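Next up, some structures in structure tokens.
Look at the two complexes coming up: chain A is in both, with chain B in one and chain C in the other.
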Partner chain A sequence: MAVPMTETAASPARTSSPITPPKGATGRGRLVRRRFRRNTFGMVSGVVLILLFVGAFVSPWFYPFDYRQQDDLFLLTPPSPTHWFGTSKLGEDLFAQTMRGLQKSLVIGLLVAALSTGLAAVVGAAAGYFGKATDRSLMWVVDLLLVLPSFLVVAILSPLFRGGSWLLLVLLLGLFSWMITARIVRGMTLSLREREFVKAARFMGMPAWQIILKHLLPNMASLLIIDATVNVGAAILAETSLSFFGFGIQPPDVSLGTLIASGTESALTFPWLFLFPAGLLVLTVLAVNFLGDGLRDALDPTSTRSRRRG
Partner chain B sequence: MVDRATGRSDGNAVLAVRDLAVSFPSESGRIDAVRGLDLDIAAGEVLGVVGESGSGKSVTALATMGLLPPQARVTGSIRFRDTELLGRTDSELSAIRGRHIAMVFQDPLSALTPIFTVGDQIAEALLIHDRALSTAAAAKRAVELLDVVGIPQAARRAQAFPHEFSGGMRQRAVIAMAIANEPDLIIADEPTTALDVTVQAQVLDVLATAKKLTGAAIMMITHDLGVVAGFADRVAVMYAGRTVETGPVDAIFETPGMPYTLGLLGSIPRLDRAQREPLVPIEGHPPSMVDLAPGCPFAPRCPLAVTRCRTNEPDLEPLGDAGHDAACWRTAEVRNAKAATDVFDIVAVEHHTLEARSERPVVLAVDDLVKHYPVTSGTLLRRRVGTVYAVDGISFDIREGEVLGLVGESGCGKSTTLLEILAMDRPQAGSVQVLGRDVAGMDRRSRRALRRDLQVVFQDPIASLDPRMPVGDVIAEPLRVHGFSADQARARVTELLGLVGLRPEHVDRYPAEFSGGQRQRIGIARALALEPRVLVLDEPVSALDVSIQAGVVNLLDELRERLGLAYLFVAHDLSVVRHIADRVAVMYLGRIVEIGDVDAVFERPQHPYTQALISAIPIPDPHRERTRERILLTGDLPSPVDPPSGCRFRSRCPLFAELTEDLAQVCIDTDPPRRPARRAPESGRTDDSDHEAACHHARVR
Partner chain C sequence: MARFLTRRLLNYVVLCVLATFLAYALASLTFDPLARLRERNPPPPATTIAAKEAALNLDEPIPLRFSTWATGVVAGDFGETVTAGEISDQLWRRVGVSLRLFLLGTVIGVVLGVILGVVSAIRQYKISDYVTTLFSFLVLSTPVFVIGTLLKVAWLPVNQAAGTQILYFTGEFSAGFSGTWWEGVVNRLQHLVLPTVAIALGQIAYFSRYQRSAMLDVLGSDFLRTAQAKGLTRRRALFKHGLRTALIPMATLFAFGFGLLITGGVFTERIFGFFGMGDWLITGVAQQDANIVATVTLFIAVLVLFSGWLSDVLYAALDPRVRLS
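So, the complex of A and B:
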């Protein structure tokens, strides 16, 4: 029984012997995780993000100053062991404020990014894969949202939500930032749908939503990840500009955006007011980007960076 | 060396290539695409250059034409008559290109400029090299040339744009351009690879005419040994950037001196052989051309390799018979071998004899299946302006354990038929029955359950596997969809990998890390995961190199024996079908024109289309090729939007042209039904009772 074999083919030792799966046989999930772990930048960024989260949410518990508290003895003092990041002109502790702001900005940034990229992926893939009426109605919604001036709508609607949770702000920001990506996703789905591996999945009886989740979206992962990382930064900045006009986070509450906005005026004279919040914003966005890069390389089998070396 | 062996002097050679080396920079190092190549082409001679993809054939052609990209490093010598071509500037070469050396490319669509008419482009080729020629004279000559290459109504067609031409006509136009200045050498790089067999036969015929008219030598680059056998005077076999064997065509085909040539010859399924000899797959794949290991580059794949082969690379040495050289340390052993199967140690798959066909249950039955597509125009208000009769009433059945080959040219509706069967929806008309159950009235659950028994292997081994899924997950996918647990799936995946000749540790790799043949094996493993009864194969080997193709064909043959599968095997390559199928159905414009036992159909074809199709397939045997009578079809496949009335084949039918008027009228008026074939008077056989042909005047030629 000669089995035609290519160079790497196994010897035909398949006649008997109980079949034992090779050790460490993995599925896609574990393989991707393993590949991600080899990416130093990605891992470091993940750790940095976790530290930022921990810092932002845990430090208020033991730090002696509250972000609203005004220390009349220390007005505009530079960083010192008492006030780690210095104080503002009203004597508010900048470290407490920055951590409070970081809480808001991290949550808003990540949630908005997840929401808008997720929405874009689902809507775009569904429109592209199902076509016909689904496609037409979903794309109609996309076009409608695209022509509405989102900033104005959010500005007009925000008084309605005044006093409501800032989560509503997340929802609004998310709802107005997914449309262009959804259109791109739809276009990619249209071409992926005709590929033979999608047909193969269909002919083996796989339900449509599983095809979308298992085949279509992973093949667009690079696009989606880049989109999400860009969205994190964009959402933080959008929140800042909304807040600047008095629609988003309102004093005495703070976000990184409002802190930067108020610190900019005195960036040269009292640099700590500007440098600390801005530095943390840059750190956050950088960490998210490197994390995204690492994830993209881990998911992309053609990337050589996550291969095992040697 | 070549000259010493043949006694030919350099002066006689139109083209003499000496020690040519071409390398390109790449991410992983310099790619040595051609490494010390020697070639000679005498005046009026046809040299066939054969080899697998990546062997350096095309790079050699481009180097001769001076068309390599600037980053390529070229050394050695290419002499055309008395002129050294290497080291010339582009403008100096331009005086030679197109005038003395012409080129015919593989893809005729990209070889023509889309925005100029075909006539203008041919005239341009004339005007560039002859300033004295008037525009009117050039246009007139262009029409003459189009006429020479067999384009009907040449004067009118010269005004057409390339997109209005079919593939075959475009290639004719390119040939017309190539012979416009009566060159001394025509380099044809895979000129028929993109074409259907009947069109390939036409184009080869045109090339032969062109050669006769201009007396040009032709360098014919191809991977198809059949084409070479019929067309070339001498052959050069290339492997890893070098000529490994060269000689007169008969000597190469009869007594090859190099294991690679022997393997190549053994790997081609033969149209003219009824008995199933196993094909010879050459294990492994061509070496990467970066940092090639010392020794013969073929040694890792060679069954005869000895230590010497792994340390010293052999040079081309004369073999004794005139002009036949090979680069191998073990030529004696190769030439003593009786057949490739001995050298490559291939054992035939034992074929069980099946019960009589009528005793076996039908596993797939297609009855009068119809699939029409609307042709619409207008953007705002869509109007239906026509219908594509893609599949127009076809019927066949496949019984347990047998292979039905569905053959036909591109556009005949083969793939549409497949997709209709696989979709398992209610057809527009007719019915599809899988394992005796009509798919039309089925609910979602039972349709899904039935899918387990009908699986598919696609043509393109790259597109059919999700690039982002490890191979283990790819193969496990159908199992998971049909409710197997992760552990069960994992055990089965290991088993399947062994079944198709891959290693269990391959589960963690991504498809991109495998070669084309291995990827096709993964696709087969996936299709077999659910233990189906019927496997639908859509051109499963047409995207693979011949030596790799042989391995996959053997695997399919073996699997069918072991697992008792039935195949619906769609292919345009009749040789492969002859090799693997029990029965064959020939499709033309959405209809089956002939169906029956392979031996009956191939040996006594009744329908003129089948006869033409079979005669168009080149056979890798120079003697037989020279004596074969070729039935050339005129024109191309008509558009399925507007098929001819009555018999659809009549517009190209060689028989129709010979008929008397009233006999011909039947063909125009009446669509021929499928009728049992008339048995050849001399054969007393009764077994081709299910051999049917759809022709009013069917007869054995």
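So, the complex of A and C:
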């Protein structure tokens, strides 16, 4: 890992060197893939996630009911071949609603994770690389935001996206959930900064932002990938929690959180209203977490989880 | 050392004030506390609205409003709510309700989480390890509001089978309850069990995950082998040398886990009908009340910083290198 990954990855393709690696050679990518395939939970989670994605985005194309449509002949009916997950007391089809909610939650989760991990990478690397006053002020901001939980801030600002776009919710969640990852990135930057290849780049006159983008961040790629995955799960939980209280996705649109909120009151009498959205939410986040765990084992075999005790 | 501690404390105070100011300013910018009044039918006269506006200081700029409020807070007066109640009247009762829940949740969560993590590391790749891992993954993937509802659903048959209410689902104590002091305590405990379980489960899962990997780290280390080589039994070596080292990273995680706990606490209070600080936050946002929101923020900020300070103390207690330097 001492060599920046961008170069190792790019050089064979660019310079078609005479020394071609023998067939079946073990490159890093191959090793990672092999290690990941050995992890049953990780593989199953990957498949489950793909199925969930396909279900959420493809099913509206062929499923006969829309999530807004009200079927007056079926009010509060349990699951049946016509309405797979049953209907609500207004006759809305729960399967269509759950798939719509799942779509929203998945998209929000991915966007927030990308935003927060990107922000964490930039802030953490800048704090670690520049040190001194930059470091101190950035870490102070991190402390301040840790004192102010994201749930609280988004709840306060929720009147803003009542009637507004859900993209604002994504932006806010992303802006207030990068702090812990940023701390880890900063710690790794502090040790990478003293490595020879970074020093060499610096003495050759490479500007700081290029060193950060080309040498520091690619060397933390595995950490960032793992953290981004875990952050997807955290973001989905944050979004559903806010929506549960009516601070997130606003009606008429639905998310898994709003569905669970309306199903909670009748969890005992009409259990399908609660169990299907809640079950799918848990399944999604569980799959994301297992995937992250599997990726950690595959990308970072020295991490403690996969190490057998000697 | 004293200078270091004073500087630390000063930093904490500044962070608290700034966090509260940010919450207050954001709330004042987005909230419209007069909306309810204006939408009333028949519409109230303009003078009523103006009087309310003046009573809430809405005509002043936000920093001035904040400084008025903050001066009151220093003197112990947290201002009025939009519905013209005194915040100080409810504050301490609500703080008590929340602290009771948080404290029990943390203590149970940390103790059980650490025990589960250690056991699961010592018996790695045994059934118990897989069960613990699966349990913690499941709990960490389930939002608190689902856990709370499931607990209610799961407990109802038990109550029905017993014929009486063994544990209650809502409120801190039965309304209109009268009895001896001891019966009162029992009644409160009956209400407290389910919310505490709901809050503690997440903490147990969180700490057991990290304790397991920290313990695995230690189990493979040389100093533990040395300890056994010099004649200590495995059990003694594990608990005297292993566990103590493996607990060190937990001290840092404690502060992060606390944030998780507070967000979880908001839901738990809301679902189980506890009128604590978390419930107040939701009410405050619903009533568009900047004073309530700022008060809750101050409470959360103090708690988070206190847990950060506590984690530093724990770190120093566990790691002699920190204490001596």
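Quick notes on this structure:
Quick note on the criterion: the second predicted complex is superposed on the first by the 191 of 310 C-alpha atoms of A that agree within 3 Å, B and C clash if a C-alpha of one lies under 4 Å from a C-alpha of the other, contacts with A are read in each partner's own complex, and residues count from 1 in each chain.
Everything below uses one rule, namely that contacts are C-beta pairs under 8 Å (C-beta built on N, C-alpha and C of every residue); 3 or more make two chains touch, one makes a residue touch a chain.
Remember, it's a predicted structure, so these values are computed and weren't measured experimentally.
Contact with chain C, but none with chain B, is seen for A:Ile260 once the two complexes are overlaid on the shared chain.
When the two structures are aligned on the shared chain, A:Met206 is found in touch with chain B, with no touch to chain C.
In the superposed model, A:Leu286 makes contact with chain C only, not with chain B.
Taken in their complex, chain A has these residues touching chain B: 1-10, 12-14, 19-22, 24-28, 31, 195-197, 199-201, 203-206, 210, 214-215, 218-219, 221, 299-302. Contact residues on chain C toward chain A in their complex (touch as defined above): 15-16, 18-19, 22-23, 26-27, 30-32, 124, 137-138, 140-146, 149, 152-153, 156, 213-214, 216-217, 219-220, 256, 259, 262-263, 266-267, 270-271, 281-282, 285, 288, 293, 296-297, 300-301, 304-305.
Listing the residues of chain A that touch chain C in their complex gives 143-144, 146-149, 151-153, 155-160, 180, 233, 237, 240-241, 244-245, 247, 260-261, 264, 267-268, 271, 274, 278, 281-282, 285-286, 288-290, 293, 303-305, 307-310. Contact residues on chain B toward chain A in their complex (touch as defined above): 278, 281, 283-285, 300-301, 345-347, 349, 422, 447-448, 451-452, 455-456, 458-460, 463-470, 472-473, 476-478, 481-482, 486, 490-491, 493-495, 497-499, 501-508, 510-513, 515, 517-518, 521, 523, 526, 530, 548, 550-552, 554-555, 558.
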